[in-house]
Amino acid sequence: MSLLRISNLSLSIAQIPILHEVSLEIAPGEIVAITGESGSGKSMTALATIGLQPEGAKVEGRIELDGTDLLTLTEPQMCSVRGARIGMVFQEPMTALNPVQTIGAQVAETILQHEAVSRTEALDRARAVLNRVGLPAARFPLSRYPHQLSGGQRQRVVIAMAIALRPHLLIADEPTTALDVTTQARILDLLKDLTRDFGMGLMMITHDLAVVAGMADRIAVMQNGRIVEAGPTAQLFSAMRHPYTRALFEASTHEVDLPPAPPPEPLLVVRNVVRTYRQPRTRLFGARPEVHAVDDVSFTLHHGERLGLVGESGCGKSTLTRAILGLEPVQSGTITVDGAPVWTGLRPNFEVRRKMQVVFQDPYSSFNPRHRVERLVAEPFNLLPDPPRGAAREARVAEALVAVGLKASDASRYIHEFSGGQRQRIAIARALINDPTMIVFDEAVSALDVSVRAQCLDLIADLCRRRPLSYLFISHDLSVVRSITDRVMVMQAGAIVEQGPTQQVFSNPQHPYTQALLAAAPKLPDMKKASHGT
Amino acid sequence: MRMPRSLILGSLLTMVFAGGALLSFIWTPYDIETLAIPQRLQTPTGAHWLGTDQLGRDIVSMIMMGARTSIAVALLAVGIGICLGVPLGLVAAARRGSMLDEVIMRGNDLIFAFPSLVIAILITAVFGAGATNAIIAIGIFNIPVFARVTRGAALSFWSRDFILAARVAGKSPARISVEHILPNIANLLIVQSTIQFSLGILAVAALSYIGLGAQPPTASWGRMLADAQTLASIAPHVALVPGLAIVFTVLGLNLMGDGLRDLLDPRIRVART
Amino acid sequence: MIRYMIGRVTSLCLSLVVASMVIFTVVEIVPGDPAAYMLGVNARPDTIAALRTELGLDLPTAQRYVAWVTGMLQGDFGTSYTYRTPVSQMVADRIAVSLPLALLALAITVVIAFPAGIYAASHRGRTGDLGVMGATQLGIAVPNFWFAMILVLIFAIKLRWVSAGGFPGWDAGLFKGLKALILPAFALALPQAAILTRVMRSSLLDMLNEDFIRTARAKGLSRRQALWRHAVRNALIPVLTIIGLQFSFLLAGGIVIEQVFFLPGMGRLIFQAISSRDLIVVESVVMLLIASVIIVNFAVDLAYAAVDPRLRTGA
């Protein structure tokens, strides 16, 4: 008998349908993954299951847990189900915990909410649960506050709260999306372990096919509020009956063809760059400790070369990016472009700046919402001694927009009229407008859905074929860097620990950190590539 | 987009009083400088819609003249706040974390510690009572309000990628503040202005009530209330009408501010759709 | 925690020093010689000069500033030019009225605003919320001194429950004293309560949108439980800031309300002092008002640390 049986679940908010006739079953001890791109309704399915859909949402169908239809329960009855029989883990561990309560109190609260036990006993049991999720008493006393923990540790606390009463069903909504790849691997292992140990059912919501490929027993693929294909993991990957499943898979494993790089001729030369920040004093009158955000980094980007920079959050890659772009001075070392320094004295050097442009991660915050596309794209003209005006300016903007696959007429529109993928194209147009010798892609495709990401990568590869283009491609995601760069550098704790030709680094990593990163990265099964080709 | 109901109602109320104030420049029902003691303290009649005061002056005319004083003083005080506070806030945000930022913000805190009434009292002690000094006193207090609001909002934009993009395009902090930050926080400043305007009306009333605002013969609502206080038990309408005028003006401005916020704030718009 | 405290104490002292300098400078540039004022128009120049020496007015500015500040630190606020009595004595009598009035008003503000704000937030969008919000909208628009006049009209003149004004003094008994202050305190508190209610509500609503509320709900807490156990304490952080600011409004607003109720408080004192050019009294009273505002805001900073562990342990 199944633990959870969702049948014909439909949900609409203000007459706008979000879910259509979703049906799904989870057996005890089974991991069922729901995957799909943003807006597919996967998170809403999870929220409806635990009864936390937005207020005013209209829900139809049946959600049976151990034979009881949850949709017929009253709110107080539902409260006694949540936390006791269904636990839930959320995406963003940084905000999922109450900042003014200790972790012990927050875990114990689950127990106190559902069982008539003393506070001391609840805290004892909280201790045991925290030990179980890998937060031992010695380093993580119950009196810790959330702000004293890292993201991965906080996610463990959230998991502890969810499993404290050994619920029959655990729902995990993108539990590792906000985490670094090595942390992700450990959290996924923990979830797998707990599922087997407790005989829970696990509903795992994720946008990342590779994450579920390694752990789910069954997968359901959602698109536009419908489950388009579902089945046991191996079977689903080998059959891929639905075209959307296939498209999703192909986009996830997308590889681009880059033209060969020209013979090396140094363009960007970074020599022994150090950037430190002073931290606040930890002790009164004590010296303020220094953090080496970038610690003696040296590398060269050649003309026409595509260089990758990979590292986890906090490794110093953002600081390095800002230094290269001339947004922040460095304490020591030199950064030159074609032999000229990015900074001359205390002023940024416009001659050099003109040769560089940047594409940022978040397509939603990269543009001033009050300006038209024309003005947004033309902003780098500011660096030119004699910027084009009138018709010449319009022509340049139109040319850049067409080059990234948009229409010249888009110039008169506002940014909110464009989707995330289109915005990233506009960002690339803005980066191209001055014909720079070099572009920095700062996590430029990380915020995009896989299919849109694949299109953006194709665009970049296409641009490389059409014009001489050198870039520094910064990413936390190894799989993206693999096909879009010629050479790659791995950064850890402010230092570059390994660099070399991309294929070589990926197939034969030398540094233990690179090896750990590669081992932790979730992988999709290879079988489809053989039968379908790409 | 639908106009919020509070905006419509608020604008109507505000327009009634602003209109009355403007009209008073060319016409009032009676001349308030002529006293008519025989007609003193009349209750509302056909000739005097809201009655007469202790000196026989027509209350409608007094309210119109008082509206002029209140609105002028409050408006100029808001002007002082915007002209000095907004640039200070922009500079503080552009140089966030610097010594300059620290000095501006600590200066703000200090002015906040001086309640506007105390500033008014200090100024009066030095220069004597009057409308100009009331404007300065209320205006000074508006400076840190606008500086703080501007800085807070500007800071949230300084961390956005489009500002980074503008810096990569070589734009100076001053230019970024004017070109990118100011247009994005304009809505917020408009809303804050209506709030400060309404607080200004209340402050003017309080100052003239204690005799530190506009001096007679200039009519002011606060002065009218002060004069009416001792008569409140025999002629309550003399005390009620100016008070209600203040309440409705302030209410109108606040409703307008709320409505504008609903109309202009994209976050609220997003939350509703 | 220690670092935070040191920072706050430094800022407290700095504020006090700068405030005293500003006040001293402003009073310094006042036209007119206090000694000449005190002696009247017919005074002989040598008498005036003698008085100037007696009052210490002939000393250099810096020296007088230091004397003024060190005097205040020892509780000596100088001698009133007009009454020739110690300012500290005059001020002490008046503070005994003004401070209890402001504190009582603050208490009323909080007692009204907290329940009303929490109620409105937990009934968001429903009739109760709309009612509370409408009432606060009106409460903000009402000038406190006019509201005071209405209260006097109703409770003192029509109903005769309390006297229309005046203060019997604390010697007449705690109850009689409080009874004389209750109407003024209400009049002062109402508009501030309206403001605080709105702040409390919006701060709570912000918190209710936070992820950790959803986490709490997933643990099985009802909406109400999540609000009380998780939202309220977090919402207090912005609310405390406003309470700090409101105290300064209440103290200053007291000056106006004292006029309505003929209370012998700091406001009355300051007006008398201004009209008789008794600048040393003006100086001291203003300094005291500002100092109490600065100290209350310091207390608010300490309250932050009590509410927010991130300040205690350093992030």
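Structure notes:
Per-chain numbering from 1; labels A, B and C assigned in written order.
We adopt the following convention: a residue touches a chain if its C-beta (ideal position, glycine included) is under 8 Å from a C-beta of that chain, and two chains touch if they have at least 3 such contacts.
Model, not experiment: these values are computed from the prediction.
Taken together, the touching pairs cover every possible pairing of the chains. When the interfaces A-B and A-C are ranked by C-beta pairs in contact, the top one is A-C. Averaging Cα coordinates per chain places chain B and chain C 22 Å apart. Chain A and chain C have CA centres that are 50 Å apart.
Among all residues of chain B, none touch two or more other chains.
Across the assembly, chain C contributes no residue that touches 2 or more other chains. The touching residues of chain A, counted against chain B in their complex, run 325-327, 348, 350, 353, 356-358, 360-362, 365-370, 376, 379-383, 427, 430. Residue ranges on chain B touching chain C, taken from their complex, read 106, 109-110, 112-118, 121-122, 124-126, 198, 202, 205-206, 209-210, 225, 229, 232-233, 236, 239, 242-243, 246-248, 250-251, 254-255.
Across the interface of their complex, chain B is touched by residues 11, 14-15, 18-19, 22-23, 26-27, 29-31, 137-138, 140-146, 149-150, 152-153, 157, 245, 248-249, 251-253, 255-256, 259-260, 267, 270-271, 274, 279, 282, 286, 289-290, 293-294, 297 of chain C.
For chain B in complex with chain A, the residues that touch the partner chain are 160-162, 164-171, 180, 183-184, 266.
Looking at the complex, you find that chain A touches chain C at residues 50, 52, 75-76, 79-84, 87-88, 90, 92, 95-102, 109-110, 113-114, 145, 147-148, 158, 161-162, 280-282, 284.
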